[in-house]
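Paired with chain B in one complex and with chain C in the other, chain A is shared by the two complexes that follow.
Coming up: the complex of A and B.
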């Protein structure tokens, strides 16, 4: 490592921190000044009101409120300003613009109508990518949630509960890139005459198979990539569901025990219904994360051998092939896929609140 | 936030369990070993891949490439050469990861601080300042969580590289950032993308602060900025920590945003970008990939293990970004 190379970076970090201090500090100072100005104006208003005599004060004044309820729009705006501005520049306007771009050609110059969307469903290759995405979004939430739930139930109140949980939860802290390398190593291949270095091929050879290039044969390779995502997400499912299980009131469990239910009945009739809301949250969250999966596919196969998914293809189209229109159409399609899942969750939450 | 059952309750439960019949006792005895075996099996399946990579990263190059990592148990040979090579090696093919490690740090620190500060301010305003339309603003920010960031990438990149012009009038010039200056783009993008979740999480927390406290402070004549600084900020430290860890892990582990806004060069690209590149071009150089992967994993793992409680709290508050 050459320290001369690192100095400009650290300098940038210093600038960044200075900017942070100036922006946030400045904002707080400004916020101190603004209310004083408001207070002075309020005082002036009060003086004017009392000058109008008691009659005016007693008259109908619909806007009269206590100090705590007075509208403070201008002040709130200062608190909200950075957030609203950044959201507008970074999310709202770009999202609208992407939608517009999806109706234009690759160079964003001419209007092409629905051509990009028709391309999405007409091309065999892209259709395969949509199918892959569907497989991902069905399998990952289902399997990850099931494993997370089973594990949460199994280790509940066990002696080494916290250690056992940390083991499953750990992949959450590992980047998708790191996880992909970990699993690529498990799937590693060497031809039959050599010793295997990949665990999967070693096991496969031990049960009598020929070593295989796992990541090169569709559709098995997509399933093996899905395993990586499940490996990462099961820990999340487990943590949330475990907390939900612990929140089940003790007397409910006790009453069921007194009624003599066996563990199996306990699970289906007490545990599962009690944690339904948490279950829905987990499934929805994992589904959305899965729809947007990008890193795993890019690191392991780069979308080759029929493993592509929407998010990955969107990146390829927009940033590698310069097809902004087609990339934008894929992004919009991704958004459209997310909406029903979210609506489902919101409705469920509302139902819960009514009960 | 859900809490665990108090230990006292768990204790009484085992005492209060009705006298177990012989059949029941047999069933439980049968049941437990299976449950234990199943949980151990899952735990092993979840741990072995990482463990294998970890063991491999310390094995000599020839060994990694010719024998499985499990042979290290019978024929232990360990070295730190891989780490030395991948971090500080000079050749183009070595990882040169030390520089990328610095990039990851430079990207992550401001990308955590900015959204934290802005979101705390916004969440306070939305929770405790009275103004018209605040519910609508809150709902709007909340709803932005569902916009996949893929929707924002193309226009945001052109915003940086070409500026904004409307009908031929240039509203904002292009930023034209080079090399190290590109960090600014990454900070900006990460801050924008984090805000909806951050506001949501912190609002959950801030709005649950006792109302009496706020009103008492108002009656005493404290202004909102004063309340924010001297009452709210100290009280929401746990929530800030939870979201901070969350955002830290997310930014450190991110690949997509960095790929697009950092540029692939060694001046700004973080570890994840370099590792993905190594995995693509040097797929069989396992001595570099294994040690490189561990270098990228070690910081989030330390953060995770030492601050696990806060992290879990962040998860359980319902905030999950994607």
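Coming up: the complex of A and C.
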């Protein structure tokens, strides 16, 4: 690599870092200066009010409170504004626009009503894609969370706990695309006459099988892609659940021990109920990540061989095929699928706060 | 809220920021151009006067080919002071759309699909040519090539590079050793394949995997056979959807391609069974020829770019190509080809200068001198083309008796040409029958 050739990229990186420093630094300065200013004003108001003496005491009491409170509200609003603005620009506007586009034709010129939605459910291909997405969203959270939980319980307070945890957590640090490329090598195929370069086929050949094109045969290929996602997400589940297990109060565990529980009872009656909130957070987070899965499918098979999922097909329709309407309809459908999960999560959080 | 008074830290942060900003600001470009008045720069005098401006070009050409492109306009940049900012991407088709929709298009783009070009033209995103450019284009390019860059009666672009797809790569040495003759009819081609298969060898090797574009090499097979089993007129009707995609004549062409592609006795030399076609990268598709593991590989002239360094290409080399024979030579010599077209999304003076330069004979010759490249530009000095396959391709391209047709899938709407047709081909190779494959593609044609 010649560094001189990469100058534009390095320069761009520097700009990015500088911009980041300006924005974050600016926010830090604001966080430091603005509350100070309000605090000083409030102090001044309090001093002024108390200096008013007993004669003023009856009248200005409610006024004093409002003087002290109004700036707080303004301050809160001041800090909320950027978030609200970014949410509007980055989430609300695109969501509305996508919904509008889903009722228009491929070139976003004419209104077509529900044609795109009808297309979505009429095409066999798209139906297969919806089925695949369902398989993903059922299997990944279930298996990833189970593996993470079992692992967290098994290594808890074991001798090399941190090493064992690091091992399973490491895939989290790899991007989805990187992970997919790694697993593509695992599934790689060479015909029988040659040495296998794919791990799975090598093992398969050693136990006496004929080398197979793993990613070529539905529905096995979808399951093999799901393995990649589980490989990445199990580490996340393990870390969160392990932390939750460690947070179980020691006296609860001790009391259970004194009552003479066996490990099995300990798990089902103490550990599991205690970490229930963490468990729900993990399942919900992994579910949403799974609904959006795109990189894995695109990198390994690009949706060929009946492995397509909604996000991948949405990208293909909208950007590669110029069928913005059909792509938008898929996006809206994906959005609708996520809503119940989000509602469940919000209600769950509220319930916890009440308790 | 805990409020603390820490003005000093705040100033420290601000100070560090100021330093960081100052450091990044100190990076200027040092110009090392040639003297614009020198004799070397004389051919570029018409494009001067835009010193220091930069023009961005976006295309799908990457790696070694992209380096050759950059090299080809180096002198233009040095003499005019225009900086050409080239970016090649494997996701070109999708990303170009994103950039244009986002209001941030490149100044120029090389679009290899007339269908995509027409889509941008109809959306009023492309800048039509000036009258001067149009007459230059008409003087330098054959009318049928300009037709592919015309939409709604307006000319929007000119061809840059071209490729000839109707080639079969083979090893001249292996052919000589085995006493095989280069076939000149489809009949002979099949007889040769049978002869090789009878020796328990796989005559053909094919690679269809190409990332996002997996399946496209199969569409070239279909197009070549559409041209060989049908008339050019039917081919035009097929690409413009004047006949349905599942027409019996298309079915016949696809089935004929299936004689090779879906024949377990014929494919896939060096890689495995029929199903290995879809997982073999097209770049590696023809490499088993060099190892003697297969005999023939139907691929365009640009396949030369993917051969390992040091491979000798030529009639007496390690590998060479022969014309993919016609079914009935009496009915003429059909040639399937493709190319990319320079179009402009902006029309500043520097952009116009670059655009105009790229359609000149000077440019064509400076690029051709670097090798592995041909163009329909008729100002190209064919005698200066050195690489054997380039020479052969130019011969085929300039052959007056040949019937040239542009890559059909690139002419079709993207939803079909780079969507369902690719996908359909993959499913078809993997075992789906021809009829339901074509029905599937027909059903997806945008209304």
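As a convention for this text, the second predicted complex is superposed on the first by the 272 of 355 C-alpha atoms of A that agree within 3 Å, B and C clash if a C-alpha of one lies under 4 Å from a C-alpha of the other, contacts with A are read in each partner's own complex, and residues count from 1 in each chain.
FYI, a residue touches a chain if its C-beta (ideal position, glycine included) is under 8 Å from a C-beta of that chain, and two chains touch if they have at least 3 such contacts.
All figures in this text were calculated on a predicted structure; none of them were measured in a lab.
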| item | value |
| --- | --- |
| Which superposed partner A:302 touches (first chain B, second chain C, both, neither) | both |
| Which superposed partner A:107 touches (first chain B, second chain C, both, neither) | second |
| Touched partner set for A:155, first chain B, second chain C, both or neither | first |
| Touching partner for A:216 - first (chain B), second (chain C), both, neither | second |
| Which of chain B and chain C A:191 touches, first, second, both or neither | second |
| Touched partner set for A:338, first chain B, second chain C, both or neither | first |
| Which superposed partner A:319 touches (first chain B, second chain C, both, neither) | both |
| Comparison of chain B and chain C by chain A residues contacted | B |
| Contacts of A:13 with chain B and chain C, given as first, second, both or neither | first |
| Contact residues of chain A, present in both the chain B and the chain C interface | 11, 17, 28, 32, 35-36, 39, 298, 302, 315, 319 |
| Residue ranges of chain A touching chain C (in the complex, touch as defined) | 11, 14-15, 17-18, 21-22, 25-26, 28-29, 32-33, 35-36, 38-39, 106-107, 123, 125, 189-192, 211, 213, 215-216, 298, 302-305, 315-317, 319-323 |
| In the complex with chain A, residue positions of chain C that touch it | 1, 3-7, 9-10, 13-14, 16-17, 20-21, 24, 27, 93-95, 97-98, 116, 119, 122-123, 211-212, 214-215, 271-273, 275-276, 278-279, 413-415, 418-419, 423, 426, 430, 440, 443, 446 |
